[in-house]
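First chain A sits with chain B, and in the next complex the same chain sits with chain C.
This part shows the complex of A and B:
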């Protein structure tokens, strides 16, 4: 358990350690981890798109790489991040305007179930099911 | 008192009062916009671009569609704002001084503007 006596950095860094925490802490940590992941993806995406400025050759080479099975796994991970962050974000938006505050644990669970179903469907589709 | 509040927030953020700062509302506004824009982005990618965007020529003709261009540029701007505000929130959580907070905001503004600028430049190069 983090207390104010601990060094600042270690205390602030404790949010992602969700062991023995309540559901709300899971929601908070999941939102941050997926958020950081999506920022990293944003810049990877921009770097990859820069090959477009060097003409068809380098772009088409990347596309054939991106269609390899192990690369498609990265797509599934990306989609997981988007679904978790986006759907949990809708909960945060609602509760910020005092909608569903009392039922937000149920709301969170339901939204994560939607994310799981959508992710499974997409994964089946991506891997040619 | 302060100590106890911090403790409770670590235990259960659901108990936390919603933060009602202007950056918080910006984060929600851009977040909801991103859900909509990403939905439109998926629809545009899979249904407007018939046969999918498979090679370089497909990307060029996709971006030359004015509706797609507006959609993608808007997506870039909104995602940059949302990402910078998110990074700001995480860094501020480490308990930095108000001086450092100001510098952080300035740095993230510069990074955000550069990111959007780079995206716009790239888009310009691709469609010309």
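This part shows the complex of A and C:
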């Protein structure tokens, strides 16, 4: 029987398709975006650390660059990724042990509120010196 | 009662052709359901439109499709639930199933998953037949129930109408064709609750614990949100995880 199936990569796009979906799907999509972002960061971090092998001059040049405001914004984005992924992961771990399953949406909202408060405090600290 | 002019944008696909959308406008009563409009499109505009429907009261699950991107049973979905009548309704087949023609999808993979657990779930209170496999022989011999020649026993999955909506809503299903899926895993959980046989329990837990089982679920909970029968597949998957984990601890302690 001839049937139509979309290519796998295109189907993977549904991971991020939150249109008309509920809060759980937003949590799912956010976890994927933050997860992919953190993996990319990990590789960038290793590349940056490799400048140490080129001597103190290279490292100092990078550190002065990292103190620029736009670079500090990247720090805030990184922290947002860590908080969202980590706290959402906590929700998944709890529900996976059958804890709070019926209240998973409230749990997600509460944890994201914690993330927002922590991120705001961290951003003030980062930009305020 | 008043009449509404409803415009539907219906997904069309025939083997060998490019998928596209066709737009139809039909007149239906304001109390009508979406399936009535699709029926009218077929009757008044295009006899080549293929879709499934049978019971018209959310009992068979065969008409499941997507209305404006959301999985629904059009037989119980009224127009005021999915729009204000001014914007065309987009009617599409379920996702994560191969499309056979227009709104008809290939559900064979879905039923293979459902049968994996060999569910013995019966809605005892509602059943008109004594469904216990243990006493089936005596029932058949007493002619109380006439089974087809090649059928030795049959099962009914409590509440689940096997519409496939949960499989369509699940984002993991999009990339893992072998994933047992919400309905399949919920069936395993229900089967697990119904048996006291340790071997059967071990078999069901192993099935759930497999590579394409409970751990492939990433907790979007869309299956539970979309389920028209409140089966709560995501809740069943989480309960299965607890049972599988507890079983692992027990097995480790014994060894």
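The rule is simple: the second predicted complex is superposed on the first by the 119 of 129 C-alpha atoms of A that agree within 3 Å, B and C clash if a C-alpha of one lies under 4 Å from a C-alpha of the other, contacts with A are read in each partner's own complex, and residues count from 1 in each chain.
To be clear about the criterion, a contact is a pair of C-beta atoms (placed from the backbone, for glycine too) under 8 Å apart; a residue touches a chain by one contact, two chains touch by 3 or more.
Nothing here was measured: the structure is a model prediction, and the numbers come from that model.
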Worksheet item: If you stack the two complexes on chain A, which partner ends up touching A:24: first (chain B), second (chain C), both, or neither?
Response: both
Discussion item. Between chain B and chain C, whom does A:39 touch in the aligned arrangement: first, second, both, or neither?
Written reply: first
Discussion item. Between chain B and chain C, which one contacts more residues of chain A in the superposed model?
Written reply: B
Fill in: Touched partner set for A:102, first chain B, second chain C, both or neither
second
Worksheet item: Is A:82 touching the first partner chain B, the second partner chain C, both, or neither of them?
Response: first
Fill in: Which of chain B and chain C A:92 touches, first, second, both or neither
both
Fill in: Touching partner for A:52 - first (chain B), second (chain C), both, neither
first
Discussion item. Output check: A:66 vs chain B and chain C. Expected answer is one of first, second, both, neither. What do you get?
Written reply: neither
Worksheet item: Which chain A residues lie in the overlap of the chain B contact set and the chain C contact set?
Response: 1-4, 8, 11-12, 14-15, 21-22, 24-25, 27-28, 92, 95-96, 98, 104-105
Worksheet item: Tell me, which parts of chain A touch chain C in their complex?
Response: 1-5, 8, 11-12, 14-15, 17, 19-22, 24-25, 27-28, 31, 91-92, 95-98, 101-102, 104-105
Practice prompt. Name, in rising order, each residue of chain B that touches chain A in their complex.
Written response: 2-3, 6-7, 10-15, 18, 20, 24-25, 28, 31-32, 34-35, 38, 54-57, 59, 79, 83, 86-87, 90, 93-95, 115, 118-119, 122, 125-126
Worksheet entry | Parts of chain A lying in touch with chain B, wherever the complex brings them together | 1-4, 8-9, 11-15, 21-25, 27-28, 32, 35-36, 38-39, 42-43, 46, 49-50, 52-53, 55-56, 59-60, 63, 82, 86, 89-90, 92-93, 95-96, 98, 104-105
Practice prompt. Using the touch rule from the top, collect the residues of chain C that touch chain A in their complex.
Written response: 13, 15-16, 19, 68-70, 95-96, 98-100, 106, 171, 174-175, 218-222, 225, 234-235, 238-239, 241-242, 245
